[in-house]
Amino acid sequence: MDSFDLVITNGICVTAGDIAPYDIAIKDEKIVLLAPSGSLADANATRIIDAERGYVTPGGVDCHVHLQEPAMFGKGTSSDTYETGTRSAIAGGCTTIVGFAPQQKTEPSLLAALAATHLRARGNSYCDYGLHLLVGNPSPQALSELAALRDTEGVTSLKIYMTYAALQLRDDQILSVLLAARGHRILTMIHAENGDVLTWLTSQLEAASLFAPKYHATSRPPILEAEATNRAIALSSLIANTPILLVHVSDPGATLRIRAAQTAGQPIFAETCPQYLFLTRDDMDGPGFEGAKCVCSPPPRDKESQEAIWTGLRNGTFTILSSDHCPFDYDDGESGKKTCITEDFPVGRFKEIPNGIPGIETRLPMVFSSSSEGRLSLTKFVEVTSTNPAKLYGLYPKKGSLIAGVSDADVVIWYPEGKDRKGLDMTITNGMLHHATDYTPFEGRKVGNWPRWTVLRGRVVWDRDGGGVVGEKGYGEFVKRGITSYMLEFS
Amino acid sequence: MDSFDLVITNGICVTAGDIAPYDIAIKDEKIVLLAPSGSLADANATRIIDAERGYVTPGGVDCHVHLQEPAMFGKGTSSDTYETGTRSAIAGGCTTIVGFAPQQKTEPSLLAALAATHLRARGNSYCDYGLHLLVGNPSPQALSELAALRDTEGVTSLKIYMTYAALQLRDDQILSVLLAARGHRILTMIHAENGDVLTWLTSQLEAASLFAPKYHATSRPPILEAEATNRAIALSSLIANTPILLVHVSDPGATLRIRAAQTAGQPIFAETCPQYLFLTRDDMDGPGFEGAKCVCSPPPRDKESQEAIWTGLRNGTFTILSSDHCPFDYDDGESGKKTCITEDFPVGRFKEIPNGIPGIETRLPMVFSSSSEGRLSLTKFVEVTSTNPAKLYGLYPKKGSLIAGVSDADVVIWYPEGKDRKGLDMTITNGMLHHATDYTPFEGRKVGNWPRWTVLRGRVVWDRDGGGVVGEKGYGEFVKRGITSYMLEFS
Amino acid sequence: MDSFDLVITNGICVTAGDIAPYDIAIKDEKIVLLAPSGSLADANATRIIDAERGYVTPGGVDCHVHLQEPAMFGKGTSSDTYETGTRSAIAGGCTTIVGFAPQQKTEPSLLAALAATHLRARGNSYCDYGLHLLVGNPSPQALSELAALRDTEGVTSLKIYMTYAALQLRDDQILSVLLAARGHRILTMIHAENGDVLTWLTSQLEAASLFAPKYHATSRPPILEAEATNRAIALSSLIANTPILLVHVSDPGATLRIRAAQTAGQPIFAETCPQYLFLTRDDMDGPGFEGAKCVCSPPPRDKESQEAIWTGLRNGTFTILSSDHCPFDYDDGESGKKTCITEDFPVGRFKEIPNGIPGIETRLPMVFSSSSEGRLSLTKFVEVTSTNPAKLYGLYPKKGSLIAGVSDADVVIWYPEGKDRKGLDMTITNGMLHHATDYTPFEGRKVGNWPRWTVLRGRVVWDRDGGGVVGEKGYGEFVKRGITSYMLEFS
Amino acid sequence: MDSFDLVITNGICVTAGDIAPYDIAIKDEKIVLLAPSGSLADANATRIIDAERGYVTPGGVDCHVHLQEPAMFGKGTSSDTYETGTRSAIAGGCTTIVGFAPQQKTEPSLLAALAATHLRARGNSYCDYGLHLLVGNPSPQALSELAALRDTEGVTSLKIYMTYAALQLRDDQILSVLLAARGHRILTMIHAENGDVLTWLTSQLEAASLFAPKYHATSRPPILEAEATNRAIALSSLIANTPILLVHVSDPGATLRIRAAQTAGQPIFAETCPQYLFLTRDDMDGPGFEGAKCVCSPPPRDKESQEAIWTGLRNGTFTILSSDHCPFDYDDGESGKKTCITEDFPVGRFKEIPNGIPGIETRLPMVFSSSSEGRLSLTKFVEVTSTNPAKLYGLYPKKGSLIAGVSDADVVIWYPEGKDRKGLDMTITNGMLHHATDYTPFEGRKVGNWPRWTVLRGRVVWDRDGGGVVGEKGYGEFVKRGITSYMLEFS
């Protein structure tokens, strides 16, 4: 038998399709052998990890991550860099992210925006990464660059916004983007909230002197998301049913609209995030300014909505589950949540709270733990947090699976049941996390498991009981992506 | 490296989750190694099959097969025995079937019914097989036997009928079955057509002297299936949402009702069959008595319905795709379709046409071929014809997957593209099939591929270019089944 | 100007279409003149009633009234006769009822059943009345009598049951009834609850020793009504969309199903009753056996369902609002609610509580009062309690409207706002009612108005402040009915 | 008995609620007596009209009429003035219209816009008329004038647009309008088509050199109407469910969305027009430029959509049926349809075809005729063309009904069945119409009846067999309107 770089023996391996015990051999950054459980325990390998019957999953793929983006919506500045954000990722079992290369409204070129982002990311990442183009200006020039983006740059997805003054596209602009994207089989992600409506509602609230963080939710009622979602689906249908992805869906009404489109056979994909599974709008109603810690868009909804989102995750309405990691320090009046606290607004002003929360490290542990509570099967967990994102964004089968000779050796090994797990059932505290942000919205939540080891291209980069982050900045590589596997079916 | 019994090299392997090139090594009836494509080309193995870049899929699992059942609905007798039916199965790439052990209305015991069926199957099967209990009489005794069925006999599913005088259960009886089934986490399959209504409609048609085969469809309009489906779902909801499977769904209205239940999070599963994807009611309107060749229940619908069934297959409404192989000879006045031709009814009498069509051998080739037409992805093909049936009926991961050290070495190897495939694109003729039935309803249909080799537990049992059926009667084993993987999520 | 028998001046007249002040002149039992408000104040008339700006509405038409029917479901006996029931009707503003002529399962003839009911009603009624045939046995003879029923007897509607052992028809029998009814444009009323299911649920509850009145609701969950409603609509669609009326709808799920059919253009009509607007299942959970006072079928549902029924009334889903007056004494161990109290069942046994409640007198005041709370417009009130029942059951325009020269002079005059109304806002007590039943389920409810005068064919039969019931037994006449106005649109 | 100005005897009177024979007496512009049929045949009256058993209906109320509006969308100019348009109205049985007072985008005041329109209408009208404000600029000043509009000017409705560059309001502006309107219980009419999308689609079509009239339909696909309708309903829900009216609904998808809102109890009203009942998009595909005759917005749809609109009319989804009379000459290169024919565009350019068709005169005859084909009951006909518009726009009960002492004596008398009706079944030709437009899109259509006499406030203004238009310009009065009757229920 050959010699291997790494063997994982005695694990219960879970993929999107299967769950069963088998051993995994790794060589030259790739998975090279899947063999009966225990059969590789004595293999000729540089390193052998005994999973002790713990679960082994493909490395997490998180395709909705904001890092070091220039401030586009106000005064807030990302509290994480590519370095700190990806460090946090691997500590949470995530081996690949896709971040955003934001094109400003005043910038005609997408390629230029991409180049600028590369400068920030290159050499700084602990995990592998790809990039989406965030289109602020769908100029003819920009749209003419899609071929180059795809063929040369390995960028095969765009994100557009139906809200935020700095980014909001009108419906005709969206159609132009969809038409161009379809021509190159590029996937368009849509942030669906009706910007005109929320601006108006915000004015009304401010006119009534309602400024506290909790009014963020009031200014963005569910119907505003459902409406925009319906509109986005209509626009897709006008471009010969070109595939779109509705990002960070939070509202049951939007979910039902998406489901109806899927029922009719339209290629409508949807993403949800941990904040819609674990937070509610009550979390924005803390004492003083505390609620700002949970201010993100769309806002967390009510308890009943949470249940509907779980149901949608189980029945396949949601294709992927991402973090939408978009971090700002809380206790920072220069560039964090508290920038909106001024003399005139001593407890802040919801409309100027930087929108977004950190979550790249907690995503996998929190959702994995839900599987033991029967909320989600383990295969579904892998499907929505790793395999489907990889397929949807053209990273598959390199990422998101455990295929001999094909997949990168990106693996998470979880603690076995009954193992003394260093404090598991553990409680999340910000102190244990590896981002650079000064809080987590999930402070105090219990989780039932945590990645014990994270392996990226055959190398152990996270060893919870043996040094924590043991990977290095710069080991993470930029990954050129192909077109979405799903796109193939509809074009 | 170990020595192997069989190595399949150079194939493109497809499972429910993945599609990628890798090699498979087999030993002692099991898959024991998955390795990089080509890496086992020179392995130490008794036999090495070069797939020549053809697709390699898990052996087909067909969980809706009627063989050698005693006549319960009229004069027709199954034209296939366990021997001929399973011979046909392996020639079509199907390595496991689940047949029915029918309990007559006059028979109080399920165990007795099972024993009787074992006598017919044992030693006669070319492929592995399990058995469902077909419950004609949900007597207290019968329901008290469920524990033994599951724990001792490896039978974990029941089928019940909402139609057919000999088998129709009333809603209160169905509730009793569901309650008992839930207690033992046994899955209940439901044939959902409103029997009272179709009996009435049949009387009306006969009163109007309408006897031709095509009136079979008239007597069973779509609404009658949609109604019964709605009722079955309501009954399930009354038993704490106990999981049920709606078998052989043909109607878009029924499909939408199932989809609505799934959207709401209810554990409603559904099956469809090739006849609802490839036949229409026009096929029952042939010259003379020809239409009888396509008489099955529910009847094939119209073109638009076909499209809706395809859509339901793609979007996940249908969990499985089975053959509902239920064969009767056509040209046989004693026990086949023509038993209903008498002096009084020279062109037959639709209500006495034995209901059912053969299809065990054509199922996989016909649906596989649709994948190249873009109707179904290959992973979806494997999912609905192999993996999901295995999971749903407690055969997984022994069956339905390709897991090293775990899965039985049941594999189908398809012809590569461009290969001289002995007449492929081939045309189906009954002469090339291996059942004992004198016709196929798919006569003359083109398919684009066919299993080149079928491997059952490591042994080549079908070698299309090297002898055809090379397996042996009796090699197929009875498989005790566990409880459905899906059931675990809902109980 | 002519002389009149009666003039009503100074009223605000409300019909299904209009609301405006005008005077009404009556002669020879008919309305003969509508004239500007006050213009007939000095007319030459035997009697002039000054409505003092109170509302004037057409006499109520209550087409769902059970009186003096033979016991078919158990030991209970109607506590009202035609005499006492119709006395109660006029005191509540109801001038026309349609009762039931029940055909027993053992009785082959509908005409015989009708004749038997005539014997009970004739000469005993205070208000006008028609009769529906309640079909217990849809024998060929029975169905052959429909032409005679319609053409000779003036009976143009049937009621059938999907529950109750004594009456439950199977789906094939229902189809036979619908087919025959369609042939004669007779309207079929359907009591839609799944009898097999509720029988089974009742057994389960009894097996668990749950006998209290409140379990009546448990034994008849909403889904059982929704299911049967769906089935009834399917059956109608099979008979070329023959019109049906779903009686006493209580469940939002059933309501939505009906609404969907109406949206699609099917001729599905629906009725609801005050018990589904004013009672909830909590009312069946009183101390001891008290809950039995509200036991009727379907049972009252929860608060949210009530709101959905109000919404359905407002948006037109419900065509009519009837009382389903079906009275049994409460404190009566021989023939009332307490017949089910025995030594073995000291607090009763829900399955043997006679099903039904009294409500013929309270229907109009309670619903009229809701109009001042903004729950229902006054025109809608008249539409669903008088005009639509008259149209639906072939009584229009003789009944249900205020048309000069055409309509019978059946009128209700309500107290004006601000009038000292003898205790209004009054509280309902059984003592003030005129039925022979020993309780009302609405005891203690407030109403905001009550009929001040009731006029039947020109004669004051109820004068609340001048003698109460001033009409006479036997003044009420049997009314032969024509076919439903609505039927004309669909046939 | 008094003396009367006019008596109509021997008619079959139809209102929204009733249909029955009775006589009508008129004095001082009002209906003063409704009496048994024939009883007024010898009354003391200036004139007695024998309806000869013909139907008698309230005068038509058409609340969507464009006359003499300044060109806001392009070069087209209204081919009808208030004089010619209202002349056409009475010849078609319409006694009241509501036109539009258009506020330009550059005009801050609504009152000024109203004053300008009054100048055009005053003294020129053959029928009574009211005015809606068409809001092009919802400035603070404009919205502050709503109280004066309602209380002083008798204007209680607004129309706003989601399309047309000159008029399109953004969603935030719409919210401002709805909020202000709600405060004054003013009804907002919404033209719901997505302007951004249609502009984009138009560009695409032009880029492909597709200019013919039929591409007007292509540029405004149904989804664009359904989307905007969904959005408008969402906006209403955000303003506490303030009532809105969706005008000129043409698409089944939009209809279903409206229906869903009504099912949920939201106060969403809808209008459709004859063009969606009688034309299809094929009518825009005539030879040469002929199709331009049917170019209006939204465009007529397909045959199946027509059926859905009829169904919606029958089941109450549509509250009113208006003409949307918006006439342009066809054969006129200066200001008519042909303005878009230039050297560069010899067969025209669809995007510059003036949008709109004439139909004020044909509305009632065409729809009335449909009642005899069983498409619509006569009461429904009156309801949607006269009574409901009057109620919805605050004209009731002065208009839209036949109430003694209350309603204006506005009456249409139709030809009796069997009467020699001067060419009836007649064929519509433009020559027989009384507008000033050079064509009718309904040329050659058959109708089964036509108004024989039209009576406006007691005066015969149209006598088909006795002089045709016998009313006079200027007899028509401006009618101040109250708030909608329906609004009362929701505020």
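Per-chain numbering from 1; labels A, B, C and D assigned in written order.
Here is the rule we use: a contact is a pair of C-beta atoms (placed from the backbone, for glycine too) under 8 Å apart; a residue touches a chain by one contact, two chains touch by 3 or more.
These figures come from a predicted structure and were not determined experimentally.
**Student:** Trace the shortest chain of touching neighbours from chain B to chain D and give its length in steps.
**Tutor:** Between chain B and chain D, the shortest chain-hopping route counts 2.
**Student:** Counting in whole Å, what is the centre-to-centre distance of chain A and chain D, each centre being its mean C-alpha position?
**Tutor:** 52
**Student:** How many angstrom between the C-alpha centroids of chain B and chain A?
**Tutor:** 40
**Student:** Using mean CA coordinates as chain centres, what's the gap between chain A and chain C in Å?
**Tutor:** About 59 Å separates the centre of chain A from that of chain C.
**Student:** Could you list the positions in chain D whose residues touch two or more of the other chains?
**Tutor:** none
**Student:** Based on the touch definition given at the start, go ahead and assign the chain network to line, ring, star, complete or other.
**Tutor:** The chain contacts form a single closed ring, each chain touching exactly two others.
**Student:** For the complex, give me every residue of chain B touching chain A.
**Tutor:** Spelled out, the residues of chain B in touch with chain A are 1, 15-23, 30, 32-37, 39, 256, 259, 262-265, 311, 314-317, 374, 377, 383, 387, 397, 401, 403-407, 489.
**Student:** Show me the residue ranges of chain B that touch chain C in the complex, using the header's touch definition.
**Tutor:** 170-172, 175-176, 194, 196-197, 199-201, 221, 223-224, 226-227, 230-231, 234-235, 237-238
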